[in-house]
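This is the structure I want to talk about, given as structure tokens.
By written order: A, B, C, D and E. Residues from 1 in each chain.
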Amino acid sequence: MSALATPALETQMLCKAFGALTVADDINFRLEQGARHALIGPNGAGKTTFVNMLTGALPSSSGRIFMNGEDITTMSQAARTQRGLGRTFQITSLFRSLPALDNVAMGIAEREGVALRMWKPASGYSAIRDEAMSHLEKMGLRDEALTVVRDLPYGKQRLIEIAIALGLKPKALLLDEPAAGVPSIESGRILDVLAELPKDIAILIIEHDMELVFRFAERITVLVQGAVLTEGAPDQIANDQRVRDVYLGEGGHD
Amino acid sequence: MTDVLSVSKLRAGYGETVILEDVDFTLPEQGSLAVLGRNGVGKTTLLATIMGRTTYHGGEIKYRGEKIENLPIYERCRRGIGYVPQTREIFPSLSVEENLLVAEAQGGKWTLERIFELFPNLGNRRRNRGNQLSGGEQQMLSIGRALMGNPGILLMDEPFEGLAPIIIESILKAVEKLIREEALAVILVEQHAKMTLRVTQNALVMSRGRVIHSGPSAGLLADEELLARLVVAQ
Amino acid sequence: MMHSGGYARGSRIGVLEILPWLVAIAAFFLLPEYLSLGARILIFILFTLSLDLILGYAGIITLGHSVFLGLGAYTAGILSVKAGIHDPFLQLIAGAAIGAGFGAITGAVVLRTKDLTQLMLTLAIAAIMMEVGNKANWLTGGADGLPGVQVNPLFGVFEFDFIGKTGYVYCLVVLFIVWFFVRRMVYSPFGAMLTGIRENTARMHALGAPVYKRLLVVYTISAGIAGIAGVLLTQTTQSVGLNVLSFEIAGDVLVMLILGGVGRIYGAFVGPTVYLIAHDELAKQFPEYWSFGVGFLLLIVVFFARGGILGLIDKISARVRKS
Amino acid sequence: KIGVVNTFSGPQASFGEMIDRAFRLYIKLHADQLPPGVKIEIINRDDGGANPDKARQLAQELVVRDKVDILSGITFTPNAMAIAPIATQAKIPTVLVNAGTSVVVTRSPYYVRSSFTIYQHCVPLGTWAAKTLKKTFILVSDYAPGHDCQEAYTSSYTKAGGEIVGVIRAPVATADFAPFLQRVKDAKPDAMMVFLPAGRTATAMMKGFVDLGLKSSGIKLIGTGDIVPEEELPNIGDEAIGTITMFHYSAAGDRPANKAFVAAWRKEYGDKATPNFAAAASWDGMAMIFDAIKKQNGKLNPEKTVEIMKNFKTDQSPRGTISIDPETRDIVQNEYLRETRRVGGELVNVEIETASVAVKDPWQIMQKDKK
Amino acid sequence: MQAFLSSLVSVLFHGVAYGMILYVISVGLSVTMGLMGFVNLAHGVFAMAGGLLLSTAMGRYGVPFPLALLLAFVVVAVASVVLERLLYSKLYSAGELPQVLFTMGLIFMSIAVARYLYGTQAAPLFLPDYLKGQIPLFGRDFPTFRVVLIIFSGLIVAALWFGVERTRWGAMVRAAVDNRDMAQSVGINTNRLFMLTFALGSGLAGLGGALGSDILPVQSTYPLENLVYFMIVVAVGGLGSLSGPFIAALLIGIADTATKYWLPELGAFLIYAATIAVLLWRPQGLFGVRS
């Protein structure tokens, strides 16, 4: 894809500080259309904060954010989501006393704009139910669709997190450690699902599981103390001594 | 020498539901045990049961020779069991310092300073509230908090999830050192089977609430096929 | 908390759901002497239902819901006494509109906050309205209330008699219509969305829901319904007093709802019925000490029927089914 | 069957207690005078305070379900207002034994009042005060009876040459009067005229009056009897001594009928118990009901009952001679000027003089004058 | 000007006295509601019990005033422990709604019990002679009892701050509320912690109720009538803080007194309006620990 095309997401001089602590320091970042991009960096580097600013969950201190060329810096979270920005949470954030199915359907209803309808019963919207079911199936959660989320083991809750994001049919998808807490074989499933997504969806993934990152990403950005340390192709990053020093370490990983 | 922990015929679960059945194992002083198994087989439940956080149905848990299965949770902690839960369970409304201090054992050898030495990140964020930490920092805090209780055994439920590789390395080194120098024993639940096996003496593989394999870690690590069969396939 | 509605569950009207209406109709014929208490219960069911909508479904906690009841009640009273408008339906519509309007205005402020802050804001707003009602003597009659409210006969035929027959049937019909609307709403995507907000607001934001606006919508609807309940209260008692704006009423309705069971529509039916009848009977037997009995009832429910009376019924029926 | 809508719970519950005790005592002592076969049954209902809708529902039930012949009780004006249409529609004679706002009794042709009106106290009080006290500061509760008293007092007091130097309308639920009293003190009047609901509100004010040194700075405390009701005197203590009040009843009145009444009361409810004005009004109210029953030989006809009550007159009331004004169905009674003193170790309101004899409600007269 | 200044002194004095009482009573609520997360609407019951105890001890048994105060504190604290063990503790993790229902039930019951035991009148407070009369200061008279009341409450406040706020006790309570199981897992005996905390808060309410029976007359409907004020103090002051409610209580006391003195027509308007304003400005209260 041409680097000249309007990026799916772009930030210019994005800054964020919590009191004296700067967690985003003039970040200039481009998520190209259809990109498979990874954001890595030490704990506390500001990755989650960056995602939160992109989605509007946190206001930025200064700088600007564009989505498909449109300035969304001051837009509400809801408005950004409606424009096709989806995310998952690093720390699971679900409707814990609702069945898995409703967790997914809720987002689809928002996407379809039916959430304000007050007359027809929700269960009568079979298109929404079926779609929610299909997303759960993709994550291997068919049998759990009617189980209340609270009673599921942690690993499965992580998968619902992804199913919800899929339900939003986002144009740009931000995944914050989607595989944390998911056993290795299941994380393989996550990769498969992501691989099946239409190519024009731009995906940004945050992960500490390097195996997953290197298998998935075509491009990697390294964030250290709120600033971009470097950006490049996976092999380039893997061999960058600075990245090894601050993040990867010398040991191997499985 | 008595064992730090010995578990026999343990049955436990949530309410009337029994998850764990007939679980047996022992852990010597300064020992380290890996607990492996697929998603939802009961690894978390096992650790939580040792801590006293599930419904106990039967069997025996001994810490340094004393039966503890009927003690309240806090008493088990005071005896010397430290717990790093899978979902971290940081106290969101307490600052980093407070999170550590509430767990401090009287006359223990762990202090704020030592924890901050181990995790410099935390030292820099000592006034942040629990819910104002990055995911990884919460993980570090959870480990640090367990150490503040001056434990004789540390139960760690997927402690490396969400940590940068370099941090994992340094924690692993630190834990090895603790085991050696501070006479600490460790039970480690991890998804990364190989890495875990490399640093533990013994391993235990679970399936559907039962132990289906137990033996030296090195043996399991060497036998790729067995490992794949036990942990990956069902 | 058992939740009704949502995408996973059907929405047919069950046999059990017809029961309250059968009881209400039977009461009309079998207990003609209790119709004024009956009407009072129906009105409080309506009022409690409006609270369930915001507390049970949207998770908004309030100690000031009496404002909307009071506004409805005073709207009817003032229309009749000061403006000479005695048409029952006009009063009803005006009460609903004023209740909803004030709901929208105060909701715009209250809904920006959460938890205790929200609770205190609702309480303070209610207290201010109480002071207004007290001071605006010329309009509200102050502490003496507005006596002498007149209501034209329904459809020009059915007079509001002092036995309360007309009043009872009238309240029952209004309640039925509102219930039907509320029930549809609860089972609709809108109802599911409200449950989502209550469960996890942050997630709802991330799904693209403008949470604040949504809450404002439901708060306004609820206030309108409470206004209707207020109008009914004035119309059936033909007077209004400051007590409709009081903290006690706001507390009572909260207690009634929790007593019945929160977030399940029918808690709003069971709660007021049990509470008001218990209150009435106890006050009859022990005018001085009835509050002990009512308090004891609440304690029993808390310790033996968490989730309200309907919660208990759920639990028992689950037991029975098991064995 | 008498249905009583009354206040047994909430902050004002002491009224219910007084009224109920008076009713029961009267019935107990006079049961033998009833025509044979007639038994009086009292059905109490609790309205919990000023709750018009609740009171109305209770009255309605008393009429419809319990089929009472007479309604009574009714402590609060708003409740009386709400019940009026029922009394009218169902034709139930209703004896008001407390609610004291003048207008109430006009609300239903079946209403008869045995208690008092605020105007009855406050007009003579103003006239009397103007004789010796030139400057008054008024402190009243901010509700209809308080407003009534302020108006009544002001009209007669200024007519007689007195000057009002300040008015405070305190919220009904005021618990601590210190700030108000401080202001009165700073204004340095000759007298402070007070109307507050009887009970703890008035008691709190009385204590503050002394605590803040108004008494020692020479300000005279005057008001209606509500500020020194008999049952509160022991709580107020010596602070009450010297208070001047205008009222229609004092338990210390030395009329024989009153002495007998108080003695009977103490015999029934214990040495420490003392009846107050609400008790006296209820006693007389019950006497009125008995009268109607006796005259109709136990068969009550609503119109006739009201007719009989309208013409009720007795000199055997604890309050002296009282009657009902046939025109307004309102009470006509004496007003006594009292001073609180310690007599024989007990605090009492000594009647110093009968300030006015056979007072009709001045408000009703003023209304008539206006027309 | 002179007159204004001198009335200002009075207003401040009475306002502070009122505020102090509000604080001593409400600080316990700030603890149960703020730290322990228990919506204890029945807090006023403990204050009422304290007032009734004081009145009975002095009036009926001739117990001297200081001893009666101590008694009010101790008896209420002990009684509250019994209630806590038997009832409250069962609802710590039950969520707000059952707590509301339960504490409302408790209020209703206590109203009837107080009514039965003490009748309908306010419990009389018989002050010893040395607390009667006035103390002249700055050319004005100040009632002796209120002067003593201010000083005594001040001492309590100081004791609280030094004894409690500077220990890790507060953090432990908050930890236990955030996550009971985890708090136990780090060795906190949450049951005992809550019990003692609750007892302290209730005991203080009892003490405040007793001390303040002159300003807030104690009678059977007390818990319901004053609830709103206690809650305002806690909400405006900030949940879980000890110093926040102090400021809030003083502000409320002074504002209330000032309106009564200068603008009695306003009634309680100002207090409520100010409450709304503060909460909109700082939703977590002036010094809230929790958001």
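FYI, contacts are C-beta pairs under 8 Å (C-beta built on N, C-alpha and C of every residue); 3 or more make two chains touch, one makes a residue touch a chain.
Note that the structure is a prediction, hence the values are computed from the model and not measured.
Any chain that touches chain B and also touches chain C is listed here: A, E. With chains reduced to the mean position of their C-alpha atoms, the one farthest from chain B is D. Of the two chain pairs examined here, C-E and A-B, the one linked by more C-beta pairs in contact is C-E. Taking each chain's centre as the average of its CA atoms, chain B and chain D sit 77 Å apart. Between the Cα centres of chain C and chain D there is a gap of 37 Å. Put simply, the C-alpha centre of chain A and that of chain C have 43 angstrom between them.
Counting partner chains per residue, chain B has no residue touching two or more of them.
Residue positions 9, 13, 17, 142 of chain D are each in touch with at least two other chains. In chain C, the residues that reach two or more other chains under the touch definition are 134, 288, 290-291.
Contact annotation for chain pairs lists A-B, A-C, B-E, C-D, C-E, D-E, with touch applied as defined. Chain E meets chain D in the complex at residues 3, 6-7, 10-11, 14, 17-18, 111, 115, 119-122, 124, 126, 132, 134, 141, 143, 145-146, 214-217, 219-221, 225, 257-258, 260-261, 264-265, 267-268. Across the interface of their complex, chain D is touched by residues 33-37, 40, 134, 142-145, 147-148, 161-164, 233, 237-244, 283-284, 287-288, 290-291 of chain C.
Note for the complex: chain B touches chain E at residues 51-53, 72-75, 77-78, 83, 85, 89, 91-94, 98-99, 101-103, 105, 130, 145-146, 148-149. Those residues of chain B that touch chain A in the shared complex are 38-40, 44, 86-87, 121, 125, 128, 132-137, 139-140, 158, 161-170, 191-195, 232. Listing the residues of chain D that touch chain C in their complex gives 6, 8-9, 13, 16-17, 44-46, 49-54, 56-57, 60-61, 63-65, 77-79, 81-82, 84-86, 89-90, 101, 107, 142-144, 172.
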